[in-house]
Amino acid sequence: MAEPNHVAEPVSDPATPDAPRRPSAAAQMKPPSRTGDRVFLGFSSTVSVLMAVLVLVIFVFLVKAAIPALTDNDSNFFTTRTWSTDSSPLNFGIAALVWTTAISAIIALLIAVPLAIGVALFITQMAPKRLAGPVAFVVDLLAAVPSIIFGLWGSIVLGHFGFLNGVRSVLIAVLGWIPIFKETPSWSDVGGTIFLASIVLAIMILPIITATSRDVMEQTPRDQVEASLALGATRWEVIRMAVLPHSRSGIISGSMLGLGRALGETLAVTLILQQVSQMQLKRLFNPSIFTGGDTFASKIARDFPEALNDPKSLGALVASGLSLFVITFFVNAAARTIAERGVKR
Amino acid sequence: MTSTSTTSPAADAVEHELDLTRPSGSRTARNGCASAFMVFATLLAVIPLVWVLWSAISKGIGSLLSASWWTSAMDSADQAKWGALHAIVGTIEIGVITSVISIPIALLTAIYLVEYARGKKIARVISFAVDVLTGVPSIVAALFIFALVVTTLGGHQSAWAASLALVILMVPTVLRSTEEMLKLVPDSLREASFALGIPKWKTIVSVVLPTSISGIITGIVLGLARVMGETAPLIVLLQFNQYFTVNPNTPTFATLPTIISNAYTQGSADTPTVWGAALTLIILVMGLNIIAKAISRRYLRRMGK
Amino acid sequence: MAKRIEVKDLNIYYGGFHAVESVELTVEPRTVTAFIGPSGCGKSTVLRTLNRMHEVIPGAYCTGQVLLDGADLYGKGVDPVAVRRNVGMVFQRANPFPAMSIRDNVVAGLRLNGVKNHKALDEVAEKALRGANLWDEVKDRLDRSGASLSGGQQQRLCIARATAVEPEVLLMDEPCSALDPISTLAIEDLINELKEKFTVVIVTHNMQQAARVSDRTAFFNLKAQGEPGRLVEINATDKIFSNPTEKATEDYISGRFG
């Protein structure tokens, strides 16, 4: 169309003779212009590309801030358990942080995954529709509770809940020969321990795992369920034969997402865990969960106010933050890969 | 659920007769155990929520019921007259600043990914970057902003800086939910609009977005609820303030979560003020969640689901 | 308001796939031309090139010429948006905008292209709805959502929406395939009225429908699966259905394949 046909033709319309005879409304349309599209596309693509660049920028800035401290570090960053950044040369390492972060997240996962699968099965396979919706909403609300509230509640309320001390005693009595469950002197109850932090973390990641599992379970092919029912299967047999195999990769990827969140969780852990002195860290490695410690996140949150004005101390914290970033990146990447493989199947 | 005798061992005894009773004992028992576990897991999942709410209400309601809670800051010599007005205003202010920055970024990127770059290589690159951002721990986002604003640019702690860190956390969540909502809009609507000679950007703004608007708002409200309860960036990028201020450029700025974290550093956490702040924060965040739920329910009804 | 379409040596591709091969045809103004043929023969694809709608699919392109009263739709500097204002389209599934009222649906093309005069828009809405034989059914609920109408009403709403921007040509892509017989009849009656103002091209699977509504019929076919589709024959509808030139057309019409 060299000249778009917007000439004002008088409407002579045999179909509707009562129409007014004057230039049609269509003739008032603005001529098409590419400007709007160009501006809109330019804007949205620029913002999108900047988003992608931001990831690199974050990484570069963290590295840049960490380098001075790392070069001044007299100890091995990966194997040292103590953390001393008050005077040059620095002596710090993330070994203790890695252990506390990993063990608390893994125990949280061990508690949360079976429960989350149970809840998701309850919502999708068992509960009548009228009950399933509200239950799902309540579990989602659990995810909405800010983590600092869980920290407050965990340290003040749950930490003084006698039942957990009972569980602790039983675990020590039965499994105390395993180093992880070994009783530690001067930690006589669950208050401030990794064990307590793990339980609270489990509560916090339960909704994520439930939500992802629920989504995949709802998509179990109807015909597979019906085929099992037609064979005379009970509800549990339907779940075992049709629902669980179908949703396995979804459950795993949901669990990995939960793990990613547990690793990076800050305030809940900071408020619950009690620190272990540098003296104790220097002595023998104590893998027990019935003791305190610091995760990456809680270490940063706790030490930050003091490191504020000292670039070296700050750099040491940034270095540990960077390690956390890298670890969560790989955990989340694994979750995505598993989820995508599940979709392809 | 039961079927003919062929699946049941009991059939061997009674030949040629239909057995419509329950399946054999062990199968029923296993089914029962599984069902019991599901109910048990669900109850166990609901307990913490009820318990947390109960703790916050029973220990914090007293503070909320006094008028000074809503009208004054924590500047009085008499602790009984302390209020959280400054922190409530601060939390909402940071939420608003964060939203105002995050929403356009998230919407534009989602629009670009769904409407312009679908199936292209660049979409995969950006999508990957968004995935990485989604997994950034909040404390790491806070450290990044500190390294950028304070260490590199020579700025200082402020509510602006805290909001920027929260933007890093809010953008990916809003972006992902918006993306999902835009993908739900059928292509036939876009085609109908193009066929009317409506330019693409107008199609997006006037046809695609209005169709998915309540779903997008749901995502925004949920994202906002998440960042309002987020504390780690606030302790890194702000210092606590007992006094009332709305100036986002000062280093001392109060929020509800930092009332709690500050009390911890002072060593007195189990106080009515702390629990009052917790309860107020819960009301704020859960309120947003319930609003989001209501909006999304209306939306799903309209999309015929 | 109606224009002649000439298609010259049109080849259509989806990425590396050659979908349609050298189509030559002419559509006269104020006539109804039906495209028939088995599934996958490219008739809808050809239809979509007549207003450049195929370009919406990533990787699709075509070579050759489509002339609208002599102006090449694929010429240099031609804006597809301008093309589509002159060549409107109605789709297989009714697709009213769910976020708009019935009235806003009808005038969407005008409103979103900058027409602001409310009175003029109201008049256009009434005229287009009358033209689509829908006015009497919806005049009391113009502010209700378009989604509240029945399937047949929705499709007529879409026709009203397409005619409101006063295109020269109206393309219809199997407009009745999702409708019940009574709604189909209403649309067919409407097509007979529309040809007084528009050049109409309709793709249909239903040969009786082609025989009922069209003046000329084009038969498309594939040589074999995986080969590009091509135009076998275009002729007066009477001729196609009584005495087609090509053997393949006769086989298809008489139901021997397809």
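Couple of notes before you dig in:
First chain written, first letter: the chains are A, B and C, and each begins at residue 1.
One rule holds in what follows: a contact is a pair of C-beta atoms (placed from the backbone, for glycine too) under 8 Å apart; a residue touches a chain by one contact, two chains touch by 3 or more.
Bear in mind the structure is a predicted one, so any value in this text is a computation, not a measurement.
Chain pair with the most C-beta contact pairs: A-B.
Ranking all chains by how far their C-alpha centres lie from the centre of chain B, first place goes to C.
Distance between chain centres (mean CA atoms), chain B to chain C: 46 Å.
For the pair chain A and chain B, the distance between mean C-alpha positions equals 12 Å. Chain geometry summary: the mean Cα position of chain A and that of chain C are 50 Å apart. Residue positions 29, 32, 34 of chain A each touch two or more of the other chains.
The set of chain B residues touching two or more other chains comprises 197, 199, 202.
Among the residues of chain C, those in touch with two or more other chains are 81-83, 85-86, 109, 113, 165. By the touch criterion stated above, chain C contacts chain B in their complex at residues 51, 53, 56, 58, 81-86, 88-89, 91, 93, 95-100, 108-109, 112-113, 147, 158, 161-162, 165. Residues 1-4, 7-8, 23, 27-28, 30-31, 33-35, 37-42, 44-46, 48-49, 51-52, 55-56, 104-105, 108-109, 111-113, 116-117, 122, 125-126, 128-141, 143-144, 146-148, 151-152, 168, 171, 197, 199-202, 204, 225-226, 228-232, 235-236, 257, 260-261, 264-265, 269-270, 274-275, 278, 281-282, 285-286, 289, 293 of chain B touch chain A in their complex. Within the complex, the chain B residues that touch chain C are 118-120, 186, 188-199, 202-203, 206-207, 210-211, 213, 302-304.
Note for the complex: chain C touches chain A at residues 1, 68, 71, 73, 75, 77-79, 81-83, 85-86, 107, 109-110, 113-115, 117, 120-121, 123-124, 127, 130-131, 164-166, 168, 193, 196-197.
Residues 29, 32-34, 36-37, 39-41, 43-45, 47-49, 51-52, 54-55, 58, 61-62, 64-65, 114-119, 121-123, 125-126, 135, 137-142, 144-153, 155-158, 203, 206, 210, 229-237, 239, 260, 263-267, 270-271, 296-297, 300-301, 304-305, 311, 314, 317-318, 321-322, 324-325, 328-329, 331-333, 336 of chain A are the ones touching chain B in the complex.
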